[in-house]
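One structure is given here, and the rest of the page talks about it.
When the chains are written out, they are named A, B, C and D in that same order, and each has its own residue count from 1.
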Amino acid sequence: MNPAIDAPTIEYGTLAPLLIVFGAAIIGVLVEAFAPRYLRKSIHVPLTLLSLAGAFALVLVQVLRGQVSTAPSAMGALAVDGPSLFLWGVILVLSFVCVLLVNDEGHFVASAASVPGSADEEGAESVDNGSGHTEVYPLVLFAVGGMLLFPAANDLLMMFVALEVMSLPLYLLCGLARRRRLLSQEASMKYFLLGAFSSAFFLYGTAMVYGFAGTVSLSGINHALSAGSGLDPLLLIGLSMLGVGLLFKIGAAPFQAWKPDVYQGAPTPITALMASGTLVAAVGAVLRVFWVGLGNLDWDWRPVIWVIAALTMIVGSVLAITQTEIKRMLAYSSVAHAGFLLVGVMATFGTAEQNAVSLKAILFYLAVYGVTTVGAFAVVTLIRDPGGEAGHLSRWAGLGKRAPMLAGTFAFFLLAFAGIPLTSGFFGKYAVFAAAVSSGTQPGDPIGGWMVGLVVVGVIASAVAAFFYVRVIVLMFFSEPAADGPAIAVPSMGTVAVIAVSLLVTVGVGLYPESVLGIANDAASSLFIR
Amino acid sequence: MTTHYLVLSGLLFAIGAMGVLIRRNAIVVFMCVELMLNACNLAFVTFSRQVGNLEGQIIAFFVMVVAAAEVVVGLAIIVTIFRTRRSASVDDANLLKY
Amino acid sequence: MESEIAQITQHTGGVIGNAWLMIAFPLVGAFILLVFNKLTDRWGHLLGVAMSLASFVVAVLAFFELIGFGASERRRAVELYEFIPNLDLKMGLLIDPLSISFALLITGVGSLIHIYSIGYMAHDEHRRRFFAYLNLFVSAMLLLVLADNYVGLFIGWEGVGLASYLLIGFWQFKPSAAVAAKKAFVVNRVGDFGLLVGMFVIWTTFGTLAFKDLYGKIGEAGASDGVMLAIGLLLLLGACGKSAQLPLQSWLLDAMEGPTPVSALIHAATMVTAGVYLVVRSGAFFFPEGSGAALAVTIVGAATLLAGAIIGCAKDDIKKGLAGSTMSQIGYMMLGAGLGPAGYAFAIGHLITHGFFKADLFLGAGSVMHGMNDEVNMRKYGGLRKFMPITFVTFFIGYLAIIGFPLLSGYFTKDGIIETAVHHAPVLGWLAVLGAGITGFYMSRMVFMTFFGQKRWADDAHPHESPAVMTVPLMVLSLGALGLGAWLVLGGTLYDFLIPSVGGSAAEAPKFNPFTTPGLVTLALVAVGAVFAWMRYGRAEVPAVQPRGSFLTTFARRDLYGDAINESLFMRPGQWLTRLAVFFDNRGIDGLVNGLAAGIGGSSGRLRRIQTGFARTYALSIFIGAALLTGALLLVGTI
Amino acid sequence: MSPWLPILMAVPVVGAIVVALLPKGSDKLAKQVTLLVSLVVLVLTGVMAAGFDPDGDRFQFTAAYNWIPSFGVKFGVGVDGVALVLIALSAVLVPIVVLASWHDADGVKTADGTLITPKRSVKTYFSLLLVLETMMIGVFAATDIFLFYVFFEAMLIPMYFMIGSYGGAQRSYAAVKFLLYSLFGGLLMLVAVIGLYVVAGKSTFMFPELVGAIQDPTTQKWLFGGFFIAFAIKAPLWPVHTWLPDAAAQAPAGAAVLLVGVLDKVGTFGMLRFCLELFPDAAKAFTMPIVVLAVISIIYGAIVAIGQTDMKRLIAYTSISHFGFIVLGVFAMSSTASAGAALYMVNHGFATGALFLAAGFLIARRGSPFISDYGGVQRVAPVLAGFFLVAGLAGLSLPGLSSFVSEFMVMIGTYESQAHGSGALTVAAVISAIAVILAAVYILWMVQRTINGPTAEPVKAFKDLNVREIVVLAPLVALIIGFGFFPKPLLDVINPSVHQTLTNVQVPVSTIAEKGTGQ
């Protein structure tokens, strides 16, 4: 028993992006507390954007300097390896773009506490512009911080904390919509309750695994597994419970139920953030847990994930067909995409290069899908009725005639979702499917054929999915405009920038995917730290 | 020896889960979630005793903190909902569906 | 006897070397008339005539150049260009006695009919288009007979089919004309199917479609008799279609919807005889004397010659009557063509003479109609000989020729066929004799109803003689009807001339001898027929409206129920099949596709109900999901 | 590295951008630019084709640039004989279609002045047209299978918009049906493409290197299936044909021409090049069933065509019959038949193109696609009637017109093919020859009901073809007749690459020599 506790070593350089984001978040809170109301926004906006940009810059620096750490940082709590850095970069870009959307007027309630329709709400409205509460920004920053932490967490405890840090602000953000506040609050409550519920499962799973392995560090678990002390039910229960928590976050069937409601109810910029950033982070975490932690257990989890992946793709695409609300439809489409990503997760086993291939595929997919999603939601924010965004699809009829550019852009995003060639989405899909097939054809894989089968399910699902994307295009271009069509809001600079960037990326990557693929390749080549 | 505790934690977890499924009042539902978390805590502590390292107990502390944070957020949300709808029943809030 | 068939020698230069001009002239004419349509309205018909005459001149020159060669070198092949390399097919012409005789007939009679048409179509606003089509026909027909391979022949074959389609439907604004045109084409296509498949077999068996290569290969390829018979029958099917032989005869009578010169040129003198040409041309390969195929040809011929004659007896429409007789006469030719080299000469001979006298008759009929403002019903004629003497005389010569009145063209050629037939295939031969008798009857009936008896025409009709431009061709043709037969047959001129093409040997050239049993019987029967006709239609009063006839009469009037059979056997079932198929396509296949889509949509509609909007339901789904997941993992784990 | 094909593909897309960027209200200019660009492409294609050496390497004007190294994808282009003639076909058809659909976008009025289609964006239409041209050239020029696939799928989008926004009453149904149907096939093909790449393990998609890469018969069968279904839907082959009548009937005439004339050829082209050469054993194994399907298409398509009441649908069904012939030729495993099929792809493009356009001109005057609304056009518009008739005759492949040569070669080649012992294919050839009769029925019956007969009242107001319309149809008719008598130029280009294909399939190339009559 030596009393001296040696102080933990923290690789500040490596963790700098995290620290900046969290730091900025805390400053944001202080600003909320002390800065005069009329100043806050003008402080928050640059603060938030700069912190995100700065974090991104630091990520870049690490990559360019080739300082990608190959060992866990912060006493093994975090693993800032190639994939993490890539995911960080993606998350930071996406959240930066989302913040630009957040800046746009009129998405967020002036004062969340005020009762809808009550006098004080009116009052808050009347002294609008700068007078509104600005807690949005620090909340977003905390959420982003959580997102960064989530995929980098190297032990389950850290992952749980990250999960909560990411989720809690989002629960709140969901409830801050300015229009249709009842929906917004309902969404927020549902998200909160279900989120908490699922994270409880995650935690219980952690406990079980801890009970089995005697540690919560992924590498430790992996070690314990390779030590091969039989298949302890503890472990299996734990595994499933962890799975519940994670799959809930990426919205895989049968844990997808929250997605449409929350996506519809939440303020659109936040929906964009969840649909892009959260998904990226969650998938990263899933990969880390299943591949780093439970890599030696793939014989057991792959069949299960197979079923879930197939189910998710089918449920997502089939249910989307009959949706009449654009955000709900996109929610279901994101469920379907989660399914496609799971196909990629299925492919991460076997030889090292196979891992790299599928990892690359997933990273690429996440990047391009995230960007397209943000773009799509950005367009959604612009189509407005007096009562707020014109969510109902019937309102979109004939948009192609009234706003050709906007409609064209949206159509292009939809085609990207559908995975039509010469859009980024196609290459994402191709990458994942190709990885799956190649993993399926690895020698000595008993369920290799099943992998190909999963891919076939995937293509059929995406054929079905194509239907509802195309349906929107039909509405926009082939139907006559409604007499009292929705107004096309004059977009703020920010929104314009968002749409432009997303379009640029979607087109550019569609024409020359190597641009992003190359990076994903480098990131993936140095696998997760095991 | 420890199995009893595990069984207990399991029971607590189950009760919590059931509560979430059965109770209507948002507050109660939320409390049940807390109950599930505490079940986890019990499991952690037990296991930490079983495997003979302190991680589990440390985790328990973390969990409590997180739980506390959850309470803050949760109550805020529930209160707002209650103020607008004059009801804290989870079932009343189902405008979003299909 | 094949041995007598001359080798084909490649030829270049001279008129024969440029024989393609024969085809080119009318083609160019048609092209100009169709492309510069309105511009050529004024002089278009003259251009048409000129072009036809031009190729006639070429034909004549080629003929003389050809007879300049010794008999054994009278088969000159002219290569034009490579057509389908994959089939080693070069487009080329074969100028030999057979093809040149046809060329002369086509261009000669063709030109006459062109000239005649100037007058006949004078009042038609689309006369220019009419001449364009005529020119098109002439050039296609020439390609048919001059081509040195089956594909080239087939192109011409369909080309004349097209021309016939266009000309039958020339007055297409009449639905009847439009329908008749389509019918002609479709029925012909049935024949073409045979010819087409025939070509498949020939190519696959002998590896060539060119006549000159076939000679070498027939023996060596060692094709089974079955194959040879198949080829023969398939080609015969084609011939039946084009030559309106049973069972594909039905279109010819409707084809009379076309202007009369068309009926004369295409549906009497030339196109319909293409089948005979095909049989004779392929005779050396696929219809050797005594082969099954040859037998089939003779049977078809005999059957058709009777059928045509019977139909001819019952028609009051002068053109349909002539059409029936055309069927019948071609039947004779077919019969002859099935009898080997001995018969070929007479078949071709009859073909040529028939070309003249039948064209003569048709144009005569046309001239009558011209004077009777397009009345075709003979019951509304009568006693016209006084009003249109020239037409009457020429028509009468044609009449004598066709019934085989001694010393006129038809006499020699038809009698020749009958003689040979009786000699080779007695039964069929005697049928032919009977046919001759019937011919005597219905042709006489026609003449008496039209030119004799008292006038039965409507008051608004003012019968008058046709202009010279129409009567002169009539005279020329009637000259042919008079003397041509004697010149061709006596001394076996034509026979010897054709030997290089169709075989046979000068040694056994059939000597013409009228005083044989069949010959005399024929004459007797013809006389009987004529007299019988005189009693019923010359002396007796001809009722202006058609009386209800006996069963036999109705049978004949209904074209032996040919159309009825086609309708009930092919048209009706076809229509049903079509409706069925369309229904199946829309409801069945497409229904399946749309049903699938609807199914997915419906299931989606039901599934989304699961999304109740109750947070606790979602929680439940999570819980159940967790349970299943755990269960599954435990299951997999324990496996 | 020859720049020809990349340039050829670049020109239209640049043109498309230019057209799209033209200021508002410059519709006329947009049309002129489009026409100019398409003519430039035509000229360039002509010059390139002149430089093609039939006896040279199989693939000429090749170029390959790294495109997506991490997928092993190259931007690889190059043409063999078949591809060349098909590119030429597209290059010829596009300017004609541009001219034909000159007024399609700016609201079509009938003779009696009723508006059929409202005014729509002209610039969009023509830039879509040019984008489509790039993709058509690209899909035939691609020697990299991935690149081929990209164009194969991307092609759907411009066509989808052309049908969907410029088509008839049912346009959106037709457009969606067309897109989803083809997309479904394409996705199955995608799996096969991936499989091919993975199994071959050559980490390249370049076609020449992948020939013979797959040996295992079972694998071949699966991959073949993936490719074939996609191509069968595209072609379209019975029973996956039902999208075509809807699409063709609803699309504006010009788009229909490109759809049936070129896009569908990608299917048969793909069968000939990819299905046969990449998976020879599978191709042989599946010959019989496919031949059966082809024969069904031939007869079935013809019979259903007879029963149609809508001109464009009728033409669409005739095309299904003709595609049956092409597929039959492709899988007859005989050089004559395959060459005939390749030739048919071109001829059918001209013939059906002419027929669709002529029908389109009729419909533009009357505003109804239904045969029963016409009659006696001959009297009022003889020139239109004449062109319609000639196009129709080409459709029933009258000897002397181009389609005959190809149809004849296909049938005779199938007849002589010994692929499945004598007999099997022989029967197929004989049955398919029945279509010769049916073709006469469906074409001439339509002609009888539209062109012939007494002139219907509304038809009396018809104007005859104007100069533009004549300029549209004349070249097609000229080509139809020209290649009807002189198919050699095309065949000389086609034959070598077809022989190459069959050699890769280890089918004895039955040439003249084997027939023994060679001089």
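Worth pointing out:
Here is the rule we go by: a residue touches a chain if its C-beta (ideal position, glycine included) is under 8 Å from a C-beta of that chain, and two chains touch if they have at least 3 such contacts.
This structure is a prediction, so every number in the text was calculated from the model and none was measured.
A comparison of the A-C and A-B interfaces places the larger number of contacting C-beta pairs at A-B. Central chain assignment: D. Criterion: smallest distance from chain C-alpha mean to the mean of all protein C-alpha atoms.
Seen from the Cα centre of chain D, the chain whose own Cα centre is farthest off is B. With each centre defined as the average position of its C-alpha atoms, the distance from chain B to chain D rounds to 65 Å. Put simply, the C-alpha centre of chain A and that of chain C have 79 angstrom between them. Separating the centre of chain A from that of chain B, both taken as means of CA atoms, is a distance of 25 Å. Centroid to centroid, with C-alpha atoms defining each point, chain B and chain C lie 97 Å apart. With touch defined as above, residues shared between interfaces to two or more other chains in chain C number as follows: 597, 608, 611, 613, 615, 619. Residues of chain D found to touch two or more other chains are 180.
The multi-chain contact residues of chain B, meaning those touching 2 or more other chains, are 17, 20, 29, 90, 93-97. All chain pairs in contact, by the document's touch criterion: A-B, A-C, A-D, B-C, C-D.
Contacts from chain D toward chain C in the complex involve residues 177, 180-181, 239, 241-243, 300, 303-304, 306-308, 335-336, 339-340, 376, 378-379, 382-383, 386, 393, 398-400, 404-405, 408-409, 411-413, 415-416, 426, 429-430, 433-434, 436-437, 440-441, 444-445, 447-448, 451-455, 485-488, 491-492, 495, 512, 515-518.
Those residues of chain A whose C-beta lies close enough to touch chain B in the complex are 112-113, 115-116, 157, 160-161, 164, 168, 171-172, 175, 181-183, 185-190, 192-193, 196-197, 200-201, 203-204, 206-208, 210-211, 214-216, 260-261, 264-265. Across the complex, chain C meets chain B through its residues 608-609, 611-616, 619-620, 623. Interface residues of chain B facing chain A in the complex, by the touch rule stated above, are 6, 9, 13, 16-17, 20, 26, 29-30, 33, 36-37, 39-40, 43-44, 46-48, 50-53, 55-56, 59, 62-63, 66, 69-70, 73-74, 76-78, 80-81, 83-85, 90, 93-97.
Note for the complex: chain A touches chain C at residues 189-190, 193-194, 197-198, 201, 231, 233, 236-237, 239-241, 243-244, 248, 254-255, 257-258, 260-261, 299-301, 303-304, 307, 315, 318-323, 464, 467.
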